[in-house]
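The same chain A turns up in both complexes below, where it pairs with chain B and then with chain C.
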Partner chain A sequence: MPTTRRAAVLGGNRIPFARQFGPYAEASNQDMLTAALEGLVARHGLAGERVGEVVAGAVIKHSRDFNLTREAVLGSSLAADTPAYDIQQACGTGLEATILVANKIALGQAESAIAGGVDSASDAPIVVPERLRRKLLRLNRAKTPAERAKAAAALRPTDLGIQVPAATEPRTGMSMGEHMAITAARWGVTREAQDELALASHQKLAAAYERGFFDDLLTPYLGQTRDQNLRPDTTLEKLGSLRTAFGTGPDATMTAGNSTPLSDGASTVLLGSEEWAAAHGLKPLAFFVDGETAAVDYLGGEEGLLMAPAYAVPRMLARQGLSLQDFDLYEIHEAFAATVLSTMAAWEDEEFCRERLGLDAPLGGIDRAKLNVTGSSLAAGHPFAATGGRIVATLAKLLHEKGSGARGLISICAAGGQGVVAILEAA
Partner chain B sequence: MAVETLSSVPATAPLLARAALTARGRRGSEVPERTLRVEDVRVDRARLAAYQRLTGYDVSDLLPQPYPWVLAFPVQTALMARPDFPVPLPGMVHLENRVTTHRALDAAQPLTLEVTAGALQPHRRGRTLDVRLEARVDDELVWECDSVYLSRGRGTEDASRGEAPPALPEGPVAGVWRLPEGLGREYAGVSGDVNPIHLHPLAARAMGFPRHIAHGMWTYARTLAALGRGSLGPSSSRVWFTKPVFLPSTVELVVQRSGRHVLAGLRSRKDPSTTHVVVTLDD
Partner chain C sequence: MPRSDGYTSFVNSGVGKKVASALGLPQPVPLRRYAPGRPLVDGPVLVGGHADTPAVSALRDGLTAAGATLVDAVPDGPRLGGVVVDLTAAETPADLESLRATLAPALKRLGRCARVVVVGRDPERAGSVAQRAARRALEGITRSVGKELRAGATANLVLVADGHEASALGTVLFLLSARSAYVDGQVVRVGEREVHAAPVDAERPLAGKVAVVTGAARGIGADIARTLHRDGATVVCVDVPAAGASLAAVANEVGGTALQLDVTALDAGTRILEHATTRHGGLDVVVHNAGITRDKLLANTDAERWDSVLRVNLLSILQMNEALLAKSGLRDGGRVVLVSSIAGIAGNRGQSNYAASKAGVIGLVDGYAADRGLVRRGITVNAVAPGFIETEMTARIPLATREVGRRLNSLAQGGLPVDVAEAIAFYAADAQGAVSGNVIRVCGQSLLGA
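On to the complex of A and B.
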């Protein structure tokens, strides 16, 4: 039986996040992941170093990028004998990658590792309609001129067209925003509460930039030095003036201002054993304590698409013997402002906690002053797979600032009715 | 040396047209002592990204080592299109290039570019011309490049052959690249080097080539990109364009590393004894 040890978060690096079709419109996932990785390597003196493994992924991925992470490693200054693999768990990708490598380190299977994620909503693979795709494959298979002529004759001008991937659930045909609007209505989340959360996100992220918090967490890319989506001067009035984008009638409370925009970006996190860190002159910022994933059955509308973290967190808390209030910081990914508010409302709801979570008492509320203290995805943007790495690195540094023993909770919702959550503790 | 400062990077196409129209009348052996200088040259990120994609670099803020050559190309063309320039520009062949990067070049930093033509030297197949390019950030020399071009014509049989390139390593193939027929047109699009010998078989034939050929600067950049990040920081590289690469064709990359020194090159897939390009890199 292997004994376990603590895996430490040693640092992180990302590129500023940009809006879709913005300054990174010409950059591929591989370009961005390589840039984020190279910045991490430079900052931690890892050039020429063989790292245990690099694990990352992208949600929207070209089929040619089958070895995306390995290719990024080869394009970086890491030793070429550093292994890598791709994973994909929708918006949970970056955090799931962190859990995987932390577990390997804890088990002694790796001394060091890098977790990350990247997504481009701009450089998206273009897909031809399914009917055309099948006809083209048939044409490609044809061997004789007669077969080829027959296959070619089946092509119709009306087959033409391209499909750009969208954040739509394959089984419901509904966008993530439409799903969220139903959940927001179910929990009675108001437009005002969402706009306030969005405003706070922008203000807190701007303040974090002002105090230089991101100076050692970020490498400029393509001329961008801050998250492009950040609006330090936005106001409740401006947010309140936006038209609703999802939902209908009185339930329409979600706007482009309190939902995350489609974004481009990449992030990476360096983890290692304490011995490896010491040997490389690196100081642990935080230790990885635990991680949990959950999924909900959203198909019949029984549960909301983005509510899985509400289930994952209490399972992890029970295992750790912790209450929801035993944390100094909370990082709840702002897919939509309504996601954060619905999740918190569910934890405070006696009936939900009893019937859905099987608890005797509600988990209770969390101190809003400890929530997303340097802003989150509403301000920074949300390149799907890159969000986990952004949050892990940010929280590890925040906990380190608070001092040894400080504890932080991460909660990230993902498409397919999934959720990934984790606990970090300051080193 | 007279230094003339141009107000901006000139447009290449009219200069090339003028150089073509005035090609016949050019004679003499004296290269005017003149340096053309352009200040505050800004990198267009979309063009840089297109160049990076076509030459195999990651899209990033770091300029590939040959990129300032591309930025300076219109200035170099302007120098050679001057009425008193002794050799015709069309049909000129790039033989060699030597580049030193003193500091990694960031796309955000405006550059001051200088182009100076050196002396004409006898060559077996005509005369060679040395051209020196320099790039500065503020007053700091960050990049320098010496190119050797051949102006084909009556040669001098006993002319000095210069330093021969090292022989390509014999080792296993490190890569196989299929260069498409349209590569020259694509590279012309991102680099502005629209020399007809790269664009189309008919245009190339008019200039005395059996087919159109790949840009030497593309083969150079593509090879450096394949060698990793070494040439993105302070480093020196050298390239010899030994045999043209006709398009389309398939070439093999061979690489030999010894410490910080890398020897690489491209050879013909069909006939591996044909060496097209030899590159050395020291970082």
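On to the complex of A and C.
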């Protein structure tokens, strides 16, 4: 058995996140991931360096991008002999990539690594209807002129049409927002509470920009210097005036203002062993402590689509011998304001904690002053696979500011009823 | 970046040359520029001067070692690559005849982009009025020769201290080399500090040095980063966060690091120092290049416009230097290079705020260079004052004005960012330990402020 050591988060870089069809409308996933990597390389002086491995992914992916991360590495200033591979776990991609490489570093299988993620909701692959696709493949297979004529004749004008992929669950045909609306109603999450959370997200992200917090976490891209979705001057009134987007009747509490918009962007995080960091003049910001994933059966209506983190966190806490209150900072991904509020409500609910989590007592509440202190996805935007890297780098820096030993919890929900969570501790 | 402007290419074409000479138009030639491996000069170097030419004697071996073929008379064969005239022994204006006698025949035999380097002594240190006059006369001669020269040739004056002639080797080599392509009509003062032997690797004089360049995302700053890197330094590239994308590209190109920060931030100096120390183990060279213009006639300049230029171009340097020049800052033998401007020397209509800041920079050089603590630590402080340099900044000047700005100098063309960078790299080398308190204009001997 190999012995383990601590994997350190050394820094991060992302490009500002943009709204769908915004300034990055023409940028591909590879372009954005390469840009995010280039900023990371420049910040940490890694030009020409061979990094142990680069692991990243995208949720919406073109088939041509079968080697997306490796191609991005080849287009970057990293040494060409830096290996890379893609992973994908929906919105958990970035954090899962971090867990993967942190474990490799901990096991001594890598000295350094970059985890990341990218997504474009603008430069999306266009999919032809399944029926047309099959006919075209048949036409392509045809060998003789007769076969070809026959295959071509099978094409019907009605076959034409394109499908742009949406954030829809394949097995339910429902959008993520529609799923969330059910959960929000289940937990009695109010419109006001959601709008307040959204407002806080914008205000805290804006304040973080103002104090230069992102100066060493972000590199501008295509003229964008801040997250495009950020509305520093939004108000409860403005948020309250928005029409509801998901849910029906009195249960309709979710709006475009308290849900994340479709976004474009990329993020990267640099991790390494303490020895590698020292040899490169880099100071660890935080150590990776633990990670956990969970999935729930949302199909039978047993549990909400985005509630898996509520299960993953207690499992990880038990393993670490920690309580939910043993943290200085919490980063709960704001897929929707209601996601954060439902998750927290569940942890405070005695019945949920007993029946679903098998705990003697509720996990309890979270000090809201420690939650998403520099804002989260509602303000920044949410390019699916890029969110994990954004959160890991942000939290690592925040913990470093707090001082050695400070502890932070990350919770990210993902499509397919999944959740990825992790613990970082200030170096 | 244009390697040469359209006009320069035109007059160097067959028909263009005829047209230009018939009309008496300026006839710029593409300047010889440095690339590793290029010979110091293209052709033999004539050495001569007055009496026992103590400077030439002290420099002879060094010049030869650097690849120069020294000759004592104008050869019949190849054209001269350069001339070094030593007037350090001049006692009275009558002795200047030695200079004329050496130079006059040589000027007719100069090759393209040849170099004239006059070596003299500081007039302020003269022992008699006559000697002072003779020493001062060298400046007038050098500047006139600079204007007389054609085909990219330059003339510069080096003032050396009695008994420390050898310390001027690096300066004379720079002025002979292609690195000084756009330096013309300048006076460089070399002090009394003894400098160590030439660096082990002449092509990488900054090997092992850690340098920081502010405003490195583009323009002159980007070329400073490239040039310092070419000469062997590890470069920390600094620019405002908003310029981060191009800053990252420059940093990756030179294998350095990018540090996104506004130089006017109160903690800019400490952050730069801390970055250089933790990442690279220390700091040896600081180039304060970041600068802005907010042009308006003084009559129309409000406090905001005034303040922003002074803060970025002048006050930030003072503020950063508190940390950078502290005992815990720049290492012994460190180098500080500031970027002034000919506008700071000549003044410029509509640039009173900018000229104030850039003249102030020269004041900083004077002040720091005289600082005993810095002198003791072997830290030198110098400036370059660029003239018309082809950058995005000058590309935005209206065509007619730009054309005038470009031609109003002895070389009849604009300089390139790399020309400014070369002068900065020159100051930065260990060999220039005796060069402090200088302001070298990189302006092709511009008529402005001359």
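One rule holds in what follows: the second predicted complex is superposed on the first by the 427 of 427 C-alpha atoms of A that agree within 3 Å, B and C clash if a C-alpha of one lies under 4 Å from a C-alpha of the other, contacts with A are read in each partner's own complex, and residues count from 1 in each chain.
Please note the rule applied: a residue touches a chain if its C-beta (ideal position, glycine included) is under 8 Å from a C-beta of that chain, and two chains touch if they have at least 3 such contacts.
Every value quoted in this text rests on a predicted model; they were computed, and no experiment measured them.
Between chain B and chain C, positioned on chain A by superposition, is the outcome a clash or a fit?
clash
Considering only the touch criterion stated at the top, classify A:26 as touching first (chain B), second (chain C), both, or neither.
first
For A:283, select first, second, both or neither according to whether it touches chain B, chain C, the two together, or no partner.
second
Who wins on chain A residues touched, chain B or chain C?
Comparing touch counts on chain A for chain B and chain C gives C.
Would you sort A:135 into first (chain B), second (chain C), both or neither based on which partner it touches?
A:135: touches no partner chain.
Tell me the contact category for A:179 with respect to chain B and chain C: first, second, both or neither.
After superposing on A, A:179 lies clear of both chain B and chain C.
After superposition on the shared chain, which partner residues are touched by A:400: those of chain B (first), chain C (second), both, or neither?
Once the two structures are laid over each other on A, A:400 reaches no partner at all.
Quick check on the superposed pair: does A:220 touch chain B, chain C, both, or neither? Answer first, second, both or neither.
So A:220 meets both chain B and chain C here.
With both complexes superposed on chain A, which partner does A:45 reach: first (chain B), second (chain C), both or neither?
second
Would you check which partner chain A:382 touches, where first means chain B only, second means chain C only, and both and neither mean what they say?
It touches nothing on chain B or chain C.
In the overlay, answer first, second, both or neither for which of chain B and chain C A:212 touches.
second
Would you mind listing the overlap between the chain B footprint and the chain C footprint on chain A?
In the superposed arrangement, which is not itself an observed complex, chain A uses residues 35, 38, 77, 220-221 for both chain B and chain C.
Any idea which chain C residues touch chain A in the complex?
Result: residues 237, 241-245, 247-249, 251-261, 265, 278-281 of chain C touch chain A.
Under the touch definition given earlier, write down the residues of chain A that touch chain B in their complex.
Contacts found on chain A: 23, 26-28, 30-31, 34-35, 38, 75-77, 220-223.
Using the touch definition from the top, list the residues of chain A that touch chain C in their complex.
35, 38-39, 41-45, 47-48, 77, 212, 214-216, 218-221, 225, 280-283
What residues of chain B sit close enough to touch chain A in their complex?
Touching chain A: residues 45-46, 49-50, 53, 58-61, 107-108, 229 of chain B.
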